[in-house]
């Protein structure tokens, strides 16, 4: 999700003004939103801290409720618990191993996340990093960080700036990697 | 879905009279229907604009509620949110990448879309384009456009012209490609 | 489902007396049952007409509510809508293409059909024909026709003749193909 | 599930005293339990008769409600219908063919069975025999019979003798085949 | 999950003080928590006893409700039954065989566990050991024991020491094997 329509070069999450005053003027914020963060002890990167740091950079108007579970198959119950505590949106942060059994776990985890969303009617933004997506540990750490932050920006936008994410619709955003970009249409 | 029973050559969506007066006479339309459109920033084509443009070409009697989410795994929650806002039908528009992990994502996304439909009892017309369905970008853009428009026609028909879609039953419609056509039966 | 216990040669659906008077005597039928038929425009065979024709051959006591949707992933919502309109049982009729993506679609569709049944507590008899099950179009059309009709007989039996389907329990019925038949047991 | 802790040689289901008086003394049985049996016409073995026969050998205190459906994808709705008729536990009996499409059917069927159990909060003991598990028909018939009977014993135990199944916990029971047995632990 | 942040060498579960007085002072425990344990007769290791033993080593403040079912596909219903009996968290303990059909069973089981969690909003900690994860029986038994105990510690922490599991967030915990450890980040 690097290139938003109006920013050509850098990661979208980075070149936003920190705590941008105009994004969420205090006069409108009758009630603070509550953003849940559920992460795992299985993950090799502290995704929750990156998410919380980035959310705070994006703007104001929310509190964070953090909750850690063992692994990705525990994320759905964790998210449900966070909704039951009053969260308006949950980020579910996890890492997927490289074995076939890990892929089945990821499918089961995703299934649970979908079931909770279908039932509750609120977003769980799943941020999953697969161990084999990067060739070494430093690169993997960077991917964890970028993808988590870019999804934190998505979370903020879904709650506070729907027009901003709508402006990126159909533009080939890729969280953690270079964006694919929009297709050139040559309508006949 | 190119060849509807009565039209041999062109895409069905195209050769319908724009805003056809007789499809939805104002006298019947006590209440405007509400069509939800949920699309993604991951997609490389602005499917929502194509869908909305085509819906308007099909006829009247509805308003559109548009909502953009990051990726296909967020479509189900997005659709549920649109139903909660009063939509009668939702089009869920997304692109599926070419990696194995993308296929698992598509399955998870589909699972969520099915779960929401089972719960709400209203249609979510999923329009998914797989990156590898076309050999170059121009062709892929064309496929995005045609498939989205033909499903927009389906959406309109489900709400306003059920007899029209019933007339296409069993005729091998293919959205975005040439139709497969009906089988010739040689009953013994 | 070709050979029912008492009929050796022909398709079970065929050699039943049309509109057999004794199957459903009018005196018992306080209320007509309602059978929903949901089919698709994707299918290359008019399965709904075959199903309705066969249901009528099987007996009386029901009305038919027909509804056409675009593809198999829309069947579950369609079935749910038919239950909401008062149907007692729904036949969901669809065709599955030969590509891997089509198999994933079939799994998603089946998932939705199971979710609706789990929720509503009534049967959706899914009739799916896979494009590659027959070697040419004439054979495929015949398979569509036989399988649909034999499942229509199943639907009728579930509602009106549970003893008839119980009599076929464990006999290796195959809808659309020759039956596998019961296993010979040589208990030691 | 051949070797229960206290019986070294024979199938557990077999060497229990038929209608064992002490398992379920009449004085305790205020209400008869209701055991549902849902089986299929697709199966090549009459699993329901084997299950009912074995349940009766295990003891008393229950009535049986039997229901036959076409295939394994219909088992979940059948089980739900049996629960709605008051069953306390359902045995779902089916056969899985050897084709890839049959495996997807089994997954869909299992999904439905899980969804019903999650919703109702009662057990559905699924007994599935895969066509390729035995090398000839006689062996396959024997497997059908043993597995069904051993799961009937499980069903009886879950309802009437929970201590008996707890005694088998972690002992590597295999229904229809020789048990795998418990692992020898050499704690360091 | 061997190395928790503060313990470099041994399994986390082991080097905790047995029945640590300060973890759950009696003054706070108005109500005892209830931990459900559902295990299987299919498993070749008595996982439930290991779990219960370890829970008791972790601390106090809870009672245990144990329930044994035949196999992993019965775990979800078992967990639901334990929640209906008042459990606050359930550990679901099972073994997965090495055949492809066993992997599908595991997926179905996981599906059910997710569905129950989505519905109930409480954790089911699934502990699954795959038969092929170890090269011989002694090693497999050791893996069963370690993984079960380390997840019992997780269960205890989720209920009584959420700060302890949060301290392990993003540290690459692996239950039953050596931990993967946190990634070294070299932020540019």
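Brief remarks follow.
Chains here go by letter, A, B, C, D and E, matching the order in which they are written, and residues are numbered from 1 within each.
Heads up, the rule we're going with is that a contact is a pair of C-beta atoms (placed from the backbone, for glycine too) under 8 Å apart; a residue touches a chain by one contact, two chains touch by 3 or more.
Keep in mind the model is a prediction, meaning the values are calculated, not measured.
Chains that touch both chain C and chain D: there are none. Shared numbers divided by all numbers used gives the overlap of an interface; between chain D and chain E this overlap falls below half, so the copies present different residues.
Averaging Cα coordinates per chain places chain A and chain C 44 Å apart. One inter-chain figure worth recording: chain A and chain E are separated by 27 Å, centre to centre, where each centre is the mean of the chain's CA atoms. Within chain D, contacts with two or more other chains are made by residues 107, 111, 115, 119. Taken together, the touching pairs link the chains into one ring where each has two partners.
The chains touch one another in a closed ring; read from chain A in the direction of chain B, their sequence is A, B, C, D, E. Within the complex, the chain B residues that touch chain C are 1, 103, 106-107, 110-111, 113-115, 117-119, 121-126, 130, 151, 154, 158, 162, 165-166, 168-175, 180-188. Looking at the complex, you find that chain D touches chain C at residues 39-49, 66-70, 73-74, 76-78, 80-81, 84, 101, 104-105, 107-109, 111-112, 115-116, 119, 137-138, 140-142, 144-145.
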